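Across the two complexes that follow, subunit A remains constant while its partner is subunit B and subsequently subunit C.
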Partner chain A sequence: MLNHRLFALIIKEATELLRNRQLVIFLTIAPIISMVIFGYVLNSNVANLRLSILDQNQVAISRELVDAFTANHVFLANRYPHSQQDLTQQVEHGQADAGLIIPSSFSRDLLETGKSEVAVVIDGINAYTSGLAKGYVTAITTQFNLDLLQQVQPLSTPLNIPVRSQITFRYNPGMLDSWFFVPGVIGVIMTLSAILAAAVEAVREKDQGTLEQLLMTPVASTAILISKIVPISALLTVTLLMCFVAARWAFQLPFRGNLLLLLFFSILYISIGVAIGLAISTFSKNKLQTILVGIFLNIPIILLGGAITAVNSMPLLFRWIAQINPLYHYLVILRSILLKGAGLEVWWFHAIAMLVFATVTLLVSANRYRNQLG
Partner chain B sequence: MVLSQSIARSPALEDVTIHIQKLYKHYGNTIAIRGIDLDIRRGELFGLIGPDGAGKTTTFNILGGVMEATAGVAQILDLPARNARNHTGYLTQQFSLYPDLSVDENIHYSAGLRLVPEDQLDARRTKYLKLMQLEPFRDRLAGWLSGGMKQKLALCCALVAEPQVLLLDEPTTGVDTIARREFWDILARLTAEGITVMVATPDLDEAERCDRVALIHTGQIQQVGSPAALKAALHLSRLVIRTADLVKAEQALIPLIEPNGQIADVSTLGDHIEVLVKDAQPGTALVRDRLKQQSIEPIQATDPTLENVFIALLRRKGSIPQSIPFPRSQQFATPTADPATPKLAISARRLNRVFGSFHAVVDLDLDVHYGEVYGLLGANGAGKTTTIKMLCGLLPISCGEMSLAGERGNLRSAALRQRIGYMSQKFTLYDDLTILENLHFYSGVYGIPPRQQREKIRWVLAMCGLEGQEDLLTRQLPGGWKQRVAFGASVMHEPEILFLDEPTSGTDVLARQQFWQLINDFARHGTAILVTTHYMTEAEQCNRMCFMVAGRKVTEGSASEIKAMQPGQLFELQVETLQTSYNLLRQHLEPWRISIFGDRLHVVLDHPDVELPQIRSWLQTDAPSKIQPIPFSLEDAFIGEVQRAGGAPP
Partner chain C sequence: MIMRRIRNQFFKELEQFQRDRLGVALAFILPVIALLIIGFAIRLEAKNIPLVVRDLDQSTLSRSYIEQLYATNLFVPAEWQGVRFPDAIDRGTAQVQVTIPPGFAADVNAGRTGEVLVVIDGSDVINARVTQLAVDGVTLSAVQRALGEGQLGELEQFAIVAQVRLWFNPGRQESLFIVPGSYGVILAIFPPLLIAIALVREKEQGTILQLYASSLSAVELLLGKSLAYMLVGLGEAVLLFIVGLLLFGVRFIGDPIPLVIGTLIFLFTGVQLGLIIGIFTTTQSAAVQAIGTIKVLTAFLLAGFLFPLNSVPFPFSVASYLVPVRYYIELCRDVFVRGSGWFGTWYLIVAMVLLGIAEFGIAWWGMRRMQLSS
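Take a look at the complex of A and B:
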């Protein structure tokens, strides 16, 4: 009897979901497109910074320095102003991201005193880019200096550089940013899709007036909950698999772990999202309100979940808050399985956290759903 | 007066304001209108009556200038309808207001759209707000108004441009009885000022108040005339028979129905039977003879109603839906088995519900027996829906006691819900599912075994006349059909108690008639039925009923009992100058005591001996040519009760 009812409920939810073509697109094609876009766009490497160059010295050595700046595609020389004033103006107006000023006394000072100075102006509006640019400038000048020293003092004792660090990156040997971001984006998409789709579908029942009718039938609220979770989870699981295939093809994202474990925790995470969405729908009066609340809730979940930021570099308070964010735990599991191929023995703590979340959200949501008219 | 000036300026002064000739409208292969001819005079209150899908809304859309006709002429003031839009006010079926703007802002907005001169706007706004009695609510947001007030505001917005023709497509759907009567009073006053009003309504009681009505069916006008003329043309009399055992009497009379015989129709309504006969005298004799074994009260012969006219017309056209027996698998205790201690289906004592500071239901006592149809009547906001939700266990009660199907404690158990049927006010079907999928779903969640399921789904489809169309998406169905399917879906599991919250809102006469046949059929098989409605003609069909005002029960009993309980007497006055007399009497009598019905006035008087001479003296110049007492209708009784109890909340 119970199964018969549950079956009727699931058939109804699935039919309704599939009839809503916009929602199906929102849940299948849209996530893959945004994942690919984010994978390309979210990139911490800096390249092709526009460099304005004022070389007042115009000798071989000054040209060598300019070459050193532009040789590696970090900087792209695009402007050659005639005065220092022009250069600052260009940076100010955003026509250039950085400026290099080589004074006319550059080669003379170098020959006479053994040291000389150049000025570099960097547009600091984008703190992230300018920080990286500063690092590159330092690296480029250091290298230039070393080369210079070798040329000038070829016969003297070889330079002693006591410590040379040799860094090896495990799991992401190419230090590909996309490998970090793409699982994060997949997590974000699953969060957004599950919460919003569930909330909108559930509040529609309220809008239409079918909710009262449904609550008057002899079905248990857990059955209603299950029937709302199953179709959305099924659809999103298909989307998830398609995302992995697309990520493999576009970003060569590895898949090193256990697929079944990954699917289990992904479905668990989607269920948490659906439960949160249902709970939102019980608090809202209409579709618009639901969507706004849903989006408002999504922002902290995504920002504090470590999808595009590193939780470990957050202030202590936020690191604690991240512990009560299901996305954080899901992403740890997702990245561990995908990139490291690590098993349950490594991330068991996060697995337990997710099970606790699932239990709590499902219980709260079932309870709210049954009592929302009172 | 501002209005008469604008008429004087108008391009056409002829008597005919709306002229329709050989009008056709096709939508692809379906023909919505097939050759309508109609002329409507200035200042006429003209009613358009017809079942769902008859072509009423299409006609309005063409006259309103929002749709082109396929062929034919549709003129307003001698102009093609599309060019006459500045002289036309059109209220569509949907509310056309902006819920987040105030009353004033809504009027201002629509005045701006219609280029009303700024210097005249204020005067007009004040005039119409006063007419609609909306003045105290000028700053209230439209979304917070009641249904009746919204429609009055919509009318205000249409009137602010001072149109000469008003087109109103079912303006009173979802508006409660009291607000409806007020709305029609306003329409009568507008026509007295020379505005032509064309109005569609599903309620035939309302149509009685029109100067002329047209019956439209399958895109053609079948009959046109004043309500009195149409009723006279039927050549039938209506006999009202009261007896203890209505079921037996009906069974005895039904075999006598013949197309051209003495008895044309027999129907059971709540506490009496109505029989339509050719001639009053021989008809009465025939009925008496047939019911010899039963004790019956004296038979009253009265005029037929517009509903009789309408149903007779549709029967001739063969459009009356067949009654199809419900495939039952169980039988409940018959109601008449033990009349001494009837089993109570619903019982409530001192039921209360408080929302914040609002006391929605106050100390309500209610008993509904198995096999009984009980009506819960009241204006919008009187607490009907809250009551019904508490009684079926959807809404927790604030305090009081109640039992449902013998259950006292947990009203939310699955076992109890299995025995209860519920149809809420809103549509209860899933729009994105097909009809069949909806029915599969509801029969599935009620756990109906597969074999019975097929049988019952077949029954619902046959009952709604939707066989072969079960794969249609529910959203594509017209409102009336949706309601029928929803009703079918809520009774498939054979509930022993059925809650129906305004089941017939927005349905046509035919669907309503069929609804009540089904409801009565379920009641006869032992189901207890609690129903709310705005339509007083429907309320007549309930065995018992109560009126609710501001959360309290004010009267309870059968329709006859309630009518008999009314103090005073209702009089029908025939006067020469209707509007002047109406205005004169309004100065002396409370507004609810007097209303315009077609070319007559209805007046409720508490002490006729004293007040009738007074009325004659007030109307000196225009003494009524005829004053006759008429029996209270249930609507009169309802309005009287509500007014005596302190009136409906605004």
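Take a look at the complex of A and C:
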């Protein structure tokens, strides 16, 4: 009897949800399109930095150095100024990201003293890019020095490189950015959609006063709550599955671990999002407040969850705060299953954290919801 | 006459907005909290990457290599008690493992090549890339040192040194990059959200029909509403700039006029998009999802807020040029960090003006269509 009523309620909520065509489109098609776009766009590598080159020496060796700078697409030869002032101005005005100045005494110094200096200026506004670029500059010049040594070394005693590091990238040998960012974007989209859809839909009922009508009927408040959570979660689960298929197809994203666990924790995460959304709706007085808080809450959840930035680089306080961010735990699990093929024995801690979250958020929103009804 | 109608519409809109006191407070407090979280928490420069080292050589050379690794300030020693060494990455307890095989120092001293084996967790590309560069750097400096003091004494010469200077932000202070960017992100989200909600609410309540019936033209209606929410957005902007100055020390450099004009135009483009979403969606839940998908995602991911857009592949790079936030973020970084004045910013403002006009056209067309249909 109870189950029958619950079922009827769920059907009612589901039809209402599906009737809102635009919302359904924004919960299904839009996420997939955005995932594909951001999968291609997001890239943490530094490439094609516009390099302004001032070669005042203009000899074979200085040209070789310029070639070494632009050989591997980190830098892109962009401008050839005539004076140091020109170069300075180009970097200052943002027309170039970096500048390379080879002085006229470059080759002479090198031959006479064995040492020579070139100047590199980098637009340092972005601490991340400029740090990487600086590393590349060091790597390029050191490599160039070694090549130079090998050239002048007599053939009888070939030069041996004394130290070499052999680097292997596990799980992502091609260092594809999309393999890291696509799971992150999927997590972000699920967070946004679940929280906002649940919050706004729940508060709509409050505004329209249809909640009172529900109260007259002999259904338990828990049943009302479940009937709110299930349809949105189900719709988002369908979206999530389509996202996985699209990611597999567009980015060859590997699915190395247990797919059932992946599905279980994904559904769990969506329910957490929906529960948070419902909780927001019970705390605010009207729609505007619900929406503002809902959108606002997404900012820290998304930016501090490790979706697009590395959590380990954040200050200590925020690394602790990340522990109470459900997205953080979900992303660890998602990436572990997809990329590493790791099982529960590796990420059990995050699994427990998510279960705790699900319990707490569902209890809080159930409790708030019941009080609101009563 | 027209001016008066626009003004009336403007005051009516503000009057309606300020009626919900808590809503108004949230509209100003939430952006500031968002700025604080973003400014204090987000760090793009990698730190605290867990590293495990297995030094099987135990020589002076191997120890100095390890010291150099830690001297990059990127790594923290990972705890791996009870975990067998090769599993540290699989277990997720470390992201990098470095093995120095026995005989490393002997190989180097004998003029052979000593190898260092490095395994990096490639599932986190951001950390992996920085790690790769750091390991390469440490190895290359080990090479230079070994060449200098070892086998090839006289060939220590032929060293080209690149003097790298980071401009505008020599201390690589991250707030100088993140805070101006977050002005763009936050102002891209909140004002459009407010106007979209307001418009859809009028549609849902049916009060917009009264406006259609009045002699107010579509242009007057749009301008009146736009100006009201631009004023709200301007208030938010000023508040953000003040907090950014007081807490993060981000101050104007050079000419503030491009910032004032740019901010107004940027708010106009944002508010127009809010209007477009409000016009084309029929329910608040759809409008909020649209803002969530279009504004939040593009501002975070498609506007160069965190990662540079230099390496975005072709069809997707076009998309990023259609996002006004992209230009505004660049403008803010220029005004607050680089300070190149009109010369480096005029084209950003022109781009935003063009996008704003296009958006206003779409909003006007949509509004006309809506008025005719009802």
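Basically, the second predicted complex is superposed on the first by the 363 of 374 C-alpha atoms of A that agree within 3 Å, B and C clash if a C-alpha of one lies under 4 Å from a C-alpha of the other, contacts with A are read in each partner's own complex, and residues count from 1 in each chain.
Everything below uses one rule, namely that a residue touches a chain if its C-beta (ideal position, glycine included) is under 8 Å from a C-beta of that chain, and two chains touch if they have at least 3 such contacts.
This structure is a prediction, so every number in the text was calculated from the model and none was measured.
A.B. asks: Which partner does A:20 contact after superposing on A: first (subunit B), second (subunit C), both, neither?
C.D. replies: both
A.B. asks: Between subunit B (first) and subunit C (second), which, if any, makes contact with A:271: first, second, both or neither?
C.D. replies: neither
A.B. asks: Going by the contact rule set out at the top, does A:361 touch subunit B (first), subunit C (second), both, or neither?
C.D. replies: Neither: A:361 stays clear of subunit B and subunit C.
A.B. asks: Looking at A:292 after the superposition, I want to know if it touches subunit B, subunit C, both of them or none. Which is it: first, second, both, neither?
C.D. replies: In the superposition, A:292 contacts subunit C only.
A.B. asks: Return the chain, subunit B or subunit C, that is in touch with more residues of subunit A.
C.D. replies: Between subunit B and subunit C, the winner on subunit A residue contacts is C.
A.B. asks: Could you give the residue numbers on subunit A that contact subunit B in one complex and subunit C in the other?
C.D. replies: 20
A.B. asks: Which stretch or stretches of subunit B touch subunit A in the complex?
C.D. replies: 389, 392, 394-396, 412, 414-418, 420, 422-433, 437, 440-447, 490
A.B. asks: Name, in rising order, each residue of subunit A that touches subunit B in their complex.
C.D. replies: Touch list, subunit A to subunit B: 1, 4-5, 7-9, 11-12, 15-16, 19-20, 208-210, 212-220, 370, 373-374.
A.B. asks: Can you name the residues of subunit C that touch subunit A in the complex?
C.D. replies: 20, 22-23, 26-27, 30, 33-34, 37-38, 40-50, 65, 89-92, 95, 108, 111-130, 132-144, 146-147, 150-152, 155-170, 172-174, 176-177, 189-190, 193-194, 197, 201, 281-286, 288-293, 296-297, 300-302, 306-313, 316, 319-320, 330, 333-334, 337-338, 340, 343-344
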